[in-house]
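If you scroll down you'll find the structure; I have some questions about it.
Chain nomenclature is as follows: A, B and C, assigned in order of appearance, with residue numbering initiated at 1 for each chain independently.
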């Protein structure tokens, strides 16, 4: 029984790790710029497709290294041209914009790469299960977790120790003061957005190897990211991390006992958290507006 | 009887102590001024009294009733009204409409989908009366956002009055005003104090206004109560004089 | 009567004239009555969203859920309960409204983007349920097997199933009812508090308005209207679609309101007309209509945020 439990918790953590990657990018953008990036799933897809396109030339590892920054660059351009004009306005408008953007990206990828799902090849040594007992931990899934762990660690280092990171964190708390201290807030937002999209692109590359590639895959991953942020607490990146892992574990465990409810459990968790602790598990008071 | 009693109230924001152990008692019909340099905690103090934020320590009572944890809108219902440092009005509604909302809430109509003709007439009458008090009856159809600064302040005071308060909190009513407008607002406040018999607490920087209007003055500095007394006492107080009165006016 | 008053009266008369005579002027323009019926229902939905968005200033982005619930409520009533059109409308409206009341209570304290996020997430719960509970709802295929029933008025039975014009006038009647109540509410003391909250929430609170409670009431009311619109939509199609519950449908409704002009009562109807006609046309000429709709969103947001009726501004009566 305990082995089954351990099984499922581990499985859930693997799922959760992936949600964390997506949700962190979304959370970064939300916290600093007050923008819900509906197009986040779209950028995930773009990242995956870019990786698919360049793999024949640079191989799997090359794609892993190049696709995310490329996606981030696209994100940067989008932010600069489309989103920046909207910062001073009612958040409604940036919502609608990213919303429309999501449509454009989905249709665009369909136009460029076709509506059919694309097969993605991963290095064979990663495709093997690691051991007989833990058959579900294929090399690839473990690899995914490792990538996520490294990325999150790097993100943490970025936010804690670099100038950019410190400014992002300060800006999340009090953008006006940061601006008064002479920081170029517009560039800060752009760079922050780019980091968020980098994470989305990376998620796309990883997801492609696991799930295959098709234009609609991004939208399905947007909701769990939302829920991770709400559960973990708006305005708190550690909260998003916790939220992602929690819903991953909850989902993974439910998949064993009530397979049909494995997605529903995320919503139930969200409802429970909202009832008991409306600001989220690690959310801050006053971050709600 | 004391309309307002504040007992040893402290407000902390993290490690920053905005208001430190301040006490205050305002008897009925008094006009109390709160003065002090920028950052002294005056507006924070007002926020505590009006319910915008809750004190970290201490208690507040209004008409002998403990209101320390009471939400803002319920304090309004008990008879407290305030204005803000930056005028808080409904800029895209007319003067008439701005005042109407307050009167409808004060009459208990705010949840009603419908009011009778006689009720409506009563509301209109009270709007007229309130506008006459602040001398805005000629501008009743104007959009408040288009009015001159002084008139906007008067409109905001009218909104506060529409609630039929017996305690009026005015946060820097003459801020940003020229001499003429300052004079008019000062006269208005004096009229309200005398004719409408309101208890008024006001935050002010303009010392002419303070000495002209106040029955009693409290001085705040760095969150602490520095001194309290009649205008003459405060003017003669060495500590206060050295610190502030030289700077103001 | 002031000039503003007269202007409003003329506009109102023009609108209702156009609506009443729609089956007659649409055909020569290449339209058809069923399209007008669709526009009316979606327009009502957009106006219901705007009740909250444009008039209370609250950013609810998950409102399609209550629309969808209304549709399923109507469909289920007709399929399993009784072959009565009025009853299906009632139940659809109740389902949407009650769900809104419950969920609204959970989130009335939030604001801004966080509020939007939570409304979206909650909306998705219903989408998910509609998909999963396929034994009841038909899952991905949607709810079928019901159709709008003739109206039994005792002396005469009106066929609204096969007669498009009859159905259009029935829907117009329902629309008029809903819109009438909405307008009435907005002009009431309660409606004025909603506008106050939109104009300046802090000031509203300091005038003694219990803001959270009023937002909850406005939210619930708009969900009842949404449920009603959704129920009508199920009747339009004789079909309830799970996609009607998805947040992308919410986005469409919000866009209709923005495009037509959020500050104007009739704006969302105009926005719905343009949106529906445009979408209809685009999906028939190109397979990439989705990118065009997306571009429409982007363009409106960047260049026409006030919407078509946005130029109608209030002026002071001197």
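The working rule: a residue touches a chain if its C-beta (ideal position, glycine included) is under 8 Å from a C-beta of that chain, and two chains touch if they have at least 3 such contacts.
Given the structure is predicted, the values throughout are model-derived calculations rather than measurements.
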| item | value |
| --- | --- |
| Distance-maximising chain from chain B - centres being C-alpha averages | A |
| Centrality ranking, top chain (CA atoms only) | C |
| Interchain centroid distance [CA atoms averaged], chain A/chain B, Å | 48 |
| Chain centre separation in whole Å, for chain C relative to chain A (CA means) | 33 |
| Averaged-CA centre spacing for the pair chain C and chain B, given as whole angstrom | 42 |
| Chain A, residues touching no fewer than two other chains | none |
| Complex interface listing, chain C residues touching chain B | 184-185, 188-193, 195-196, 199-200, 202-211, 214, 217, 314-318 |
| Touching residues on chain A, where the partner in the complex is chain C | 30, 34-36, 38, 82, 85-86, 89, 91-97, 99-108, 110-111, 223, 226-227, 229-230, 234, 260, 263-264, 267, 270-271, 274-275, 278, 287-289 |
| In the complex, chain C residues that touch chain A | 53, 59, 61, 106-107, 109-114, 116-118, 120-121, 124-125, 128-129, 132, 248, 251, 254-255, 258, 288, 290-291, 293-298, 300-302, 305 |
| Chain C partner contacts - residues on chain B that touch it in the complex | 50, 72-74, 76-77, 81-82, 84, 88-94, 97, 100-102, 104-106, 109-115, 141-143, 146, 159, 162-163 |
